[in-house]
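Below are the structure tokens for one structure; questions will follow.
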Amino acid sequence: MRPSGRKTDEMRAVSFERGFSKHAEGSCLVKFGDTHVLCTASLEERVPPWLRNAGKGWVTAEYGMLPRATGERMRREASAGKQSGRTQEIQRLIGRSLRAVVDLEALGERQISVDCDVIQADGGTRTASITGAWIALHDCLKWMEAQGMVSADKVLKDHIAAISCGIFLNQPVIDLDYVEDSSAETDANFVMTGSGGIVEIQGTAEGEPFSEDEFASLLGLAKNGISSLVEMQRLATAA
Amino acid sequence: MRPSGRKTDEMRAVSFERGFSKHAEGSCLVKFGDTHVLCTASLEERVPPWLRNAGKGWVTAEYGMLPRATGERMRREASAGKQSGRTQEIQRLIGRSLRAVVDLEALGERQISVDCDVIQADGGTRTASITGAWIALHDCLKWMEAQGMVSADKVLKDHIAAISCGIFLNQPVIDLDYVEDSSAETDANFVMTGSGGIVEIQGTAEGEPFSEDEFASLLGLAKNGISSLVEMQRLATAA
Amino acid sequence: MRPSGRKTDEMRAVSFERGFSKHAEGSCLVKFGDTHVLCTASLEERVPPWLRNAGKGWVTAEYGMLPRATGERMRREASAGKQSGRTQEIQRLIGRSLRAVVDLEALGERQISVDCDVIQADGGTRTASITGAWIALHDCLKWMEAQGMVSADKVLKDHIAAISCGIFLNQPVIDLDYVEDSSAETDANFVMTGSGGIVEIQGTAEGEPFSEDEFASLLGLAKNGISSLVEMQRLATAA
Amino acid sequence: MRPSGRKTDEMRAVSFERGFSKHAEGSCLVKFGDTHVLCTASLEERVPPWLRNAGKGWVTAEYGMLPRATGERMRREASAGKQSGRTQEIQRLIGRSLRAVVDLEALGERQISVDCDVIQADGGTRTASITGAWIALHDCLKWMEAQGMVSADKVLKDHIAAISCGIFLNQPVIDLDYVEDSSAETDANFVMTGSGGIVEIQGTAEGEPFSEDEFASLLGLAKNGISSLVEMQRLATAA
Amino acid sequence: MRPSGRKTDEMRAVSFERGFSKHAEGSCLVKFGDTHVLCTASLEERVPPWLRNAGKGWVTAEYGMLPRATGERMRREASAGKQSGRTQEIQRLIGRSLRAVVDLEALGERQISVDCDVIQADGGTRTASITGAWIALHDCLKWMEAQGMVSADKVLKDHIAAISCGIFLNQPVIDLDYVEDSSAETDANFVMTGSGGIVEIQGTAEGEPFSEDEFASLLGLAKNGISSLVEMQRLATAA
Amino acid sequence: MRPSGRKTDEMRAVSFERGFSKHAEGSCLVKFGDTHVLCTASLEERVPPWLRNAGKGWVTAEYGMLPRATGERMRREASAGKQSGRTQEIQRLIGRSLRAVVDLEALGERQISVDCDVIQADGGTRTASITGAWIALHDCLKWMEAQGMVSADKVLKDHIAAISCGIFLNQPVIDLDYVEDSSAETDANFVMTGSGGIVEIQGTAEGEPFSEDEFASLLGLAKNGISSLVEMQRLATAA
């Protein structure tokens, strides 16, 4: 039995609040249960130095957590003077995931910076970030399309969404919340496209090593979950 | 005429959403129009090194802005590796303002850290932060009272609230939004208690120096505005 | 009775030693009693990146304290690896104050960097810095005028000077020294021009909040004090 | 055809040079072809602050690259003033992998720090690091056993080794060198124990997303490769 | 002919202004011609962590330059966020030199921090710093003696002083000023005790390598110069 | 008697392994007994900003130590976030020493960066670094000559090598190992050219000051030692 009463293949309630931010070209407050992440996509008319005059653009991501997004207050990274290894790992993952579905040539010599800031954390912040970031990126590209800058569909080739799965009390479950995540034996994050291609797999044994079969169950759960998330993205951006 | 159509002594719509954060002992999403700040108050059972064994506690504050809270994306301070001078100035101001109405002996050997994170900015972020931080601090103390730790009313001696005023197009106005702030000749921030005492005054001539009379008008506007803000704090925390 | 025996409206002995530094285009060792600050103005034939090709120049300031300028040795900021919030707050104030009396177009595309380094501290280092910095800036502009670069009087539109006032033992007093500053109930810094315009007001209640009347007394003291400081600047730069 | 002429399931020549370092309790120069990593294990009679008095120890890892380990000289991280996100990601992975086979209670209140420094790089530095780090850790524990501190076999529960696999020219291949890594469509790192349990999986689509079947082929290659690496570790530590 | 008109064995005018700083236990403004350094010695009732309970004290030094001490303004190290290699090299030299004549056991478990801040630079700042620092240290110990803490003569075993020598226009000269230093072929700094023992020698060929004979001439000049400096220290501290 | 059984004028076994690194234009693993340093010379087609368009090149050096190169593990500088004063001092010395025998005009507008990384330390790392760096630099220039970029002999005007000497148990000895270095009364490093010119002398009294005669003995030992090292460099680069 999961602490939340959810079934093993049941994700938390997911919602997207588009246009949450007045200023950003695209933005979305994504909620996976009590995990709330504000994703904004900012268009910048410049590219990183190593891409200058290369005839293509760039999509990058940064990740942060408000100090009291968590059960105990964490030190503010701006005050500590550096981003933790965990933060850097996550923001590199978000950036790679988004770029997997973007045609950088079609974007042109511009950069879109996606910021994922965790307002409240209850496990799965990186997967919620990726899933919500796609909406923000989509809306930014639609904004650019409205300005005649790009064709949004040419730049954004597919959906991208992510979910965590894990072995909790010897059972494969989807979308771990903080309580589950803290005691899961295995924790895996999956990033997949709308057409079912795999973009990233990160599986970690927290306690005992896991077997090939266990991993296959997690992958199976993830495929279904991500398929639902992609459908929700479709509905959310239909209007 | 103000760009927003407001009268010279008319503040923006102000609202407080208490308990915005699931984890913090006290929290409040404060809005002054399009300026939105999430304030959380976190109890920590420790004091700064220089206060150890001094028989009293401490209240401190940190301030941050999400990178795309503003019209153009700003560099993330955690990634830049340091807090700007502006950030430090503001968080020092918030801390001083809150401590002005706190009895540190009555608090006991504990620290309350108040985080003010600007989700969306449209001028007046520091004054909104102070005004909302009071609510978060109040609710944190009530939480502590419920645990039998303190008597909230003994620790929190009075209300504290803040407002900006300025000379815009030669006229004294209250609660400047970003458009006004950018072209105001003079900009002043006032922090006052519920009983009308002045805690902080910061007045700056952005263009021409200002006169004693002009300053008196700003102070007059501020007194009325802060009096209203305190009344709103009272209503918000009545329940 | 003030610890120093001064009357409530009596400033400490003020002196300016121009040309203290052999290398700087303008320099001044300013003393307010035992507070000694070396101010140098350095001409640099460049402007900050955001001002390039804007047809105007910039005046900026940096502030520092020698580690043993104070009663107890403080950590050297260069060794700590960053400037404190207090240092940044002060140097921003000095820069703003100087720019309030400078015509940046008349300066041309150049930067003047004013360094205020506290050799010995006894309260009021920021107000002494501003008052002495004006002399250094003035002499730098005169040096530039001698080279045919600018007309000093067109660039420097007015005098600028500053003084602290405070409520000490329930009485408004001017130019607090360290002993007074440490126990003052209220502490306010005023920056004003030669023609009596107000450029900056920073008032802080250290203990109890202060009233409008108390603040008016402080402002009254400051006006007289700054008027005297401006006269001393005139005499000092007459030769 | 692979650039190196290797078969798709053929790893590079692997060697372990134990006791490479005179000072370290355990050390090993591991070579995977032209990728050379010096791994040292250092015993420290202290634990991280958050583990004090918890009755168990800790194993941690740090990773670095000599500036000219690569084809073009990279900036020295010590001189840049921080470790890159990539470095932090890798050293976190190495530490997690080692801890998966260590009984921290049996280790006692001590820390073993494993340093993996890349002397020469040709792809696969993180997998070579993990594989060599196991030898260094093993030898450190044997040294401790000789001092009567621990029973090495109780602390070190199993082998751990790692290998990269990828899709190169549409074919799954094992142990990518730099040339292959630079143009592989998919790149995956696997960390497994001697008994075949999976500890970490990191798969990334560099170009097109990959399918479940492709991933299964990579996992198959990895299982065989790691099984060989474990056998080589056994032989190397038999004497 | 030297630019200053000095003879090859003629030092610049040297002066010591004791008690320059109101707060420090010992202080001295030392001038070697236009090179002016403020040296303060601060007593701290603590020792570095690695000396705790070792029954002895420590003497350390820090060095800094005001940004406009030099012909062109240099970046402030506190603002740059770190001390340059040159600064660190010099402050390590000053500390080592002072410790060479201090009996750390006789000092007891205390630390004396000597700060050498260059107010104005014209070559030879490190040698002036060492020579002046001895005075500050001496006066600090006398102050401590007056408090009954130590016997100053037991702690301070000898004088220490320093001078630079160099080959300028093929001739060995003493006490190079900035103009000479910039074009000297060889530059050497010597630190010696009052009894003629050598504590530090640092010789560097700026252009062509130098010969043993040339080095012997420099050492000869230095011995005489330091002997005079020690005599001046004696006179300065006689009263 | 020296702990190693060596005679007072006997250096440790010295060896050079050229071409140790696959990627660098020049490289050498130099061993002075148990002190092992990997030196690489990297050609970069750029110069530091202050040398642009000056018609000449630059040679610079960086120095590092692997964390467990020493008897006790030291903190990794990349993780500490800065290079120690000792590291900076050494790398500045290596750079100056190499430049003393390089014709920067003949090099052309290019930079050669020499990295000296200590794999294992047993005293004398800086002198081994300089001696090995010369080989790496030589081989880099030969590589450039083979590309038709420069004439290696015109750029590299002479050999450069270095050795430490010291007073150990009252006797002058050459090439101190760690045990000797830790208890030597005096420690001196000498850098000399192939033709016997002196480039750097750094002598430090660790305990009692040393005399002119003692220093002369050290210099005498160094001359012979460096003469042998230069001969070994000649032999090593003959092939």
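Should a chain be cited, it is by its letter among A, B, C, D, E and F, assigned in written order, with residues numbered from 1 in that chain.
In the analysis below, contacts are C-beta pairs under 8 Å (C-beta built on N, C-alpha and C of every residue); 3 or more make two chains touch, one makes a residue touch a chain.
Here the structure is a predicted model, which means the values were calculated and not measured.
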Would you pick out the chains that touch subunit B and also touch subunit C? none
Need the graph distance between subunit B and subunit F over the touch network, please. 3
Do the two copies subunit A and subunit D share over half of their interface residue numbers, or under half; same or different? same
Can you work out the whole-Å distance between the CA centroids of subunit D and subunit F? 33
Could you tell me the distance, in whole angstrom, between the mean C-alpha positions of subunit E and subunit F? 28
Hey, how far is the Cα centre of subunit C from the one of subunit D, in Å? 59
Set of subunit D residues in contact with two or more other chains: 81-82
Determine the shape of the graph in which chains are vertices and touching pairs are edges (line, ring, star, complete, other). ring
Under that contact definition the chains make a ring. Starting at subunit A and heading to subunit B next, list them in order. A, B, C, E, F, D
Mind pulling up the subunit E residues that touch subunit C in the complex? 21-24, 27, 34, 38, 40, 42, 44, 62, 64, 66-71, 73, 76-83, 87, 113, 115, 117, 119-120, 122
Once bound in the complex, which stretches of subunit D touch subunit A? 82, 85-86, 88-89, 91-92, 96, 100, 188, 192-193, 195-205, 208-212, 215, 219, 223
